[in-house]
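Read through the structures below before going on.
After this come two complexes, each holding chain A, first together with chain B and then together with chain C.
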Partner chain A sequence: MTTTSRVAQTAPPAGRKNPTSAAGTVRSKSRIDPTYYWMVVPVLALFAFFITLPALVGVFFSLTNYAGYGDWKFIGLMNYVNIFKDPAVLQSYVFTFMFALTTTVVVNVVALAIALGLNAKIKWRTGIRTVFFIPMVLSALIVSFVFNYLFSNTLPVLAERFGVTPLATSILANENLAWLAIVLVTVWQAAPGATIIYLAGLQSVPSEVYEAADLDGAGSFRQFISLTLPLILGYLVINVILGFKGFLGTYEIIVGLTGGGPGMATQSVAMRIFSGFTGGDYSYQMANAVIYFLITLLISVIQLRLIQRRGVSL
Partner chain B sequence: MAGRTAAERRLSFQPFTRLLQRSNCEPHPEALPARTAGAAPPPPHVSRCPVNASVPGSLPSRRTLLRAAGLAGAALMVPLSGCGATPAAQNGVTTLRFMQNKPEVVDYFNQVIKDFEALNADIRVVQDFNEGNFVPGLVRNDPPDVVTRGFAQATADFVKKGIFADLSDMPVANTIDPKMQELINSWGQYNGSEISALPFSLAAAGVIYNRDIFEAHGVSVPTTWDGFVAACEKFKAAGIAPIYGTYKDPWTLAQGMFDYASGGTLDVAEFFTKLNAKGARVTKDSAESFANNFGPALPKMLQLASFSQNGAASKNYADGNAAFAKGQAAMYLQGPWALSQLVAANKDIRLGTFPLPATNNPAETKARVNVDMALSITRNTPNMAAARRFVNYLLEPSVVNTYNEKNAAFSPLKDAPAVSNAHITGLNAAVAEARYFQGAVTYFPPSVPVNNYIQSFVYSKNGEQFLAALDDEWRRVAERTAV
Partner chain C sequence: MTASTFAAPKAAEAKAPAAKNRRSNREGFKINWWLTALVLAASLTVLLPLYFTVAMALKSPDQIGTGTGLAWPNPMNWENFAAAYVATNFPRAFMSTAFVTVLSVLGSLASSSLVAYAIARNWNHRFFRGSFVYLLSAMFIPFPVIILPLIKQTALLGLDNPAGVVFLHVLGGISFNTLLYIAFVRSIPVELEESARMDGATTWQVFRKIIFPLLAPMNATVGIFAFLGSWNDFLLPQMLIADPALQTLPVVQMLFQGEFNTNYSLAFASYLMAMAPTLVVYILAQRWVLSGVMRGAVK
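== the complex of A and B ==
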């Protein structure tokens, strides 16, 4: 230990003549330590075996009429053609995208507002922060079952007592409003994660710029629009992108709240795909999964390019 | 977290640690915007984590360690591919795997197995009540030897694919009521004449009613639709919810008002036979369509819905059991599976069941039945002889009749004694005269979310749209499975 630390201390002066970085590259070119391979290869093998291989098997079976068991044969692209003719599947796509868009907007507005509040010098800041982050550590399924109870039993009873007739029946039973309940619970659950990222962003803004703005006579709203928002734009982009991608795969909150109902009103794409496993519709929903994968891949690529452009221009 | 990716999780944790200690060993590429927002880039010598530079002497041991870890990982994978058929016969004792579909009767079958093993020293039976294992077992080509399943579309599909052995030459097959056997055979027989499953238990469903409430209001069990409506009006006028509705669980609407109303006004089995024959060519204008056959049932469904309590849309099956057990409604459109729950919630409740009269001709009143347990032997079992002996034993009157008597169900044997359980005696006549039908929803392939469509109809009351949607769904599934 002592020798290494002494080397570390003496190295910088030596580095002025022979840059250490150059020496490092020479060494790595000559021989890469096999330890790195030992670290990467098992993970790669596990990933390939448990994720990549099943995915490829799924793609393969999407070209067949396999029910998950028994005989099957190739049917070409028939499954893909049929999906585009299936209004129930198309409706699930429309619902999922509308839901993801709405939720992303609401989550980010709410999270930014909370982050601004928690970043201000308020009393008991640490304690309040903890309270706001609790939803993040709760399982989404448990959260949605609790909210399910609130929406179905508590809220109608309260609404009836105070004479708010539109709320007297559960909004989960209303085909036009059930999605709002799902958005609400998702926001409740997802906002803390986004808030943490915003808090990190807000803390990276140096206080000098606000002092300067104060001297120039900018009000707090102006400061927010002209200083805070541009300075944390990178965080906003990350939150929007990751949030949108996550909400596209929404599943367990819907299962816990409405189960896709009432009627067909809140069926997400992920739910339709999963129904193929129980429904003997394996190959058909596999085709659906492949299409969905391609769509999310496209969105991810666009978003990644956006991130990179942001990173450069800011 | 709702469908969050690993990358997102990593991201959301990283700034959090920064909040706490503001020190980071490696530059997270994801956190690039942080640097652009004014933070100075970390000095280069900090950014490289000194993985092997700090401990050069310990490298070989680390390498062996990692190698060992890699080998352990590989060893973990071996059993995954190595599992499969295990030798079933050891020391002359054959081990049978018996998979049954009702976790609540495990104890009964444990006793049955014990008695069977006492009589057959050369067979050991292992009970498995995890029905979810059946399809994976088929995929692994390692299914159980003897299976009980609820018989409906999914099991009929297994029959069509030849999963089960032919039981028609077993002597016990002749002791079974042919009309009950027909409930299974009507779904289609493998190779035209094979008997792939023998009924073990028949569940009959109708209207569960609270005898105390009926007696208190002087209402007798209705035998016609008009009589039923009159009884409902009478309860309603007395301030009692005639029927307890649990619309939040769509399956309760499906097996309740939809099956009862359609089964009572239509020959469901015949309808689906014709519909299946028509296949992908069905449109809403063809004579076989839902639109042209289910019309008369829909107004009855809506009338049943109008007799439900207020706020039925927010109640689920568990709420319904609790409320009905407390006497909050006179009737409950549920099957025998609810009876034990109701009694568990209120042991003093006096219950009965009658078949819903969907027409004004009492002779046409039918009960909804389903073959709750049907016995099958998987075709490729290496223990065929032992499996047949076990099935033979299960269908002995002392086993099968006792089971059904205990579980509020009907025995499939020809000369079974009449049911004496007061909860279901009201269905005796209908079952004895074979005035029964299998629920329409049980004929749907699971890929059609028929329950949700029914729920949608009950809310929107738009029958035309509902039936057109069913026709469309049916056609699409037929199209893609016909290939």
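== the complex of A and C ==
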């Protein structure tokens, strides 16, 4: 007992020396301190049970006609076939993609602008920075409730006062404008996170680069286009992809603003899927979830490709 | 207030720009006042909704009337907070949220640091490398995909309560947190542990006495993310917690969304009380929070 534990103590460095040889792997396998297994295995077991198992159960039921209760039988890929014929689901995908695309663009433009501002030679930098990052610590749902009132009461009253008639009714009740309100609140909420990544990027650019550009007589706009942007491109890629993936799953802000309405104009894919729990079309929405998963997986693969090529670590 | 915080930045991440700034000031570079004004104006987009929330929370229903809601109330109506306190059963919702948050933070810190330590120190071993890849797979599974089966599963196990939410907050964040920790553990030289092991310390003791304290900066980062994520989460508590009496603060705010509810002053007082804890923590510890989040962003 004592000898084995003493051997185990020397295992990590010994194993490190020959990480590739098969003999080394076998040797280190027999010498590893069992404590290390105790550190990992319980977490792995819980993870498998709470994350992997539901995913598999979901895929399984997507092949059945289970309504969430009672009997069920296999119906093959019928749910998947039906989804592609369902205008409500297709509409939610169109809305979600349009929303995610718009929000990604706006968030990144806004975040980059804020990051540039905070990185420049401004007064009270720390105080201003504190203010800009406040939205990050607030609940998205409650923020949406606050904006809900602003959009449906404050804005119409102001619009009437200044004679802007198109805005005199709540934009949340307008089928064509409601999604813009959701974009706006999402930008408000998500911009600080992206700003932090851009700030990290901007601070990684050595100041000598700018000094050299100054000597060459490059103006600040030229410096931004030719120097800053190429140098922080990796951070931009990360922000765009992480943002896009996140915005595809948007839920809370829509709940707080429109609840998916008016009609179904702002119903996201996530909201559709969640409706499967109360709507009696459990297996159908599971098939929807699997399709959603495959789409996000595709985006993740693209993400990894891009990041590998750019040599950015995340 | 802002000038004094600017004068003494302590956070590691604030050091570099501050030093640069001081130097450039001495070299005669001027502060860009135009840009300062522009950035200040932009910061109103954040401050205005907050001001509005506070103003609304202090109004009586009469003062709200049909106005814009932007005017500052006179007199201020502090009773709204007491009324909201009772209407939402604030202490119970607060305790429930605090329970979920504290356990999620502790659980995230303990589980992901242990897993990261074990994986980083046995990287050449197939089992540990495989575990790492397996845990990372969760980053590719969005929550909407597993939520429906998960609700049934937690209900079957009797975990349709705040405890169940804790499990999922910890496990849902474990991929990202482990990723953060592993990079950090690798930067800790193994020699530090070896001398302790010579003296007969077990792996547990090495972790507890040497590694975990050294992980402090990452603990702050992981802790902040876990705290914010848990406190503000709406999706999981709403979906998992069956008993309305055990609901968390964000979910409780749904109370004011009924068709016939027009008591906005009450609602805004309640929103403010739900937002206050994270806001206060952030304002008090902002250098800490920002440097912690920054560390997470760079990784």
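In this text, the second predicted complex is superposed on the first by the 276 of 314 C-alpha atoms of A that agree within 3 Å, B and C clash if a C-alpha of one lies under 4 Å from a C-alpha of the other, contacts with A are read in each partner's own complex, and residues count from 1 in each chain.
As a working rule, a contact is a pair of C-beta atoms (placed from the backbone, for glycine too) under 8 Å apart; a residue touches a chain by one contact, two chains touch by 3 or more.
Since the model is a prediction, treat every value here as computed from it, not as a measurement.
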| item | value |
| --- | --- |
| Partner chain in contact with A:Val109 - chain B first, chain C second, else both or neither | neither |
| Contacts of A:Ala289 with chain B and chain C, given as first, second, both or neither | second |
| Chain B versus chain C as contact partner of A:Gln189, first or second or both or neither | first |
| Which superposed partner A:Ala212 touches (first chain B, second chain C, both, neither) | neither |
| Which of chain B and chain C A:Ala200 touches, first, second, both or neither | both |
| Partner chain(s) touched by A:Pro54 [first = chain B, second = chain C, both, neither] | second |
| Which superposed partner A:Ile302 touches (first chain B, second chain C, both, neither) | neither |
| Contacts of A:Ile225 with chain B and chain C, given as first, second, both or neither | neither |
| Which superposed partner A:Leu141 touches (first chain B, second chain C, both, neither) | second |
| Residues of chain A at both interfaces, chain B in one complex, chain C in the other | 33, 35, 39, 46, 136, 140, 153, 193, 196-197, 199-200, 203, 245, 248-249, 251-252, 270, 276, 314 |
| Residues of chain C defined as touching chain A within the complex | 1-3, 5-6, 9, 13-14, 16-17, 20-21, 24, 29-33, 35-36, 38-40, 42-43, 45-47, 49-50, 52-53, 56, 66-70, 111, 114-115, 117-119, 121-128, 131, 134-135, 138-151, 153, 167-168, 171-172, 174, 190, 194, 197, 202-204, 207, 228, 231-232, 234-235, 239, 249-250, 253, 256-257, 264, 267-268, 271, 274-275, 278-279, 281-283, 286-287, 289-290, 293-294, 297-299 |
| Chain B - residues contacting chain A, complex | 1-5, 7-8, 11-12, 15-16, 18-19, 30, 32-34, 36-39, 44, 51-54, 59, 62-63, 66-67, 69-70, 73, 77, 135, 138-139, 154, 157, 161, 163, 247-248, 250, 311, 313-316, 445-447, 449, 452-453, 455-456, 459-460, 472-473, 476-477, 479-481, 483 |
| Chain B-facing residues of chain A, complex | 4, 21, 33-35, 38-39, 41-42, 45-46, 49, 65, 67-71, 75, 78-79, 82, 85-88, 136, 140, 151-153, 156, 168-170, 172-173, 175, 186, 189-190, 193, 196-197, 199-201, 203-206, 231-235, 237-238, 242, 245-253, 259-265, 267, 270, 275-276, 278-281, 284, 310-311, 314 |
| Residue ranges of chain A in contact with chain C within the complex | 5, 9, 12-13, 15-16, 19, 24-25, 28-29, 32-33, 35-37, 39-40, 43-44, 46-47, 50-51, 53-55, 57-58, 61, 113-114, 117-143, 145-147, 149-150, 153-154, 157-158, 188, 193, 196-197, 199-200, 203, 207, 245, 248-249, 251-252, 255, 269-270, 273-274, 276-277, 282, 285-286, 289-290, 292-293, 296-297, 300, 313-314 |
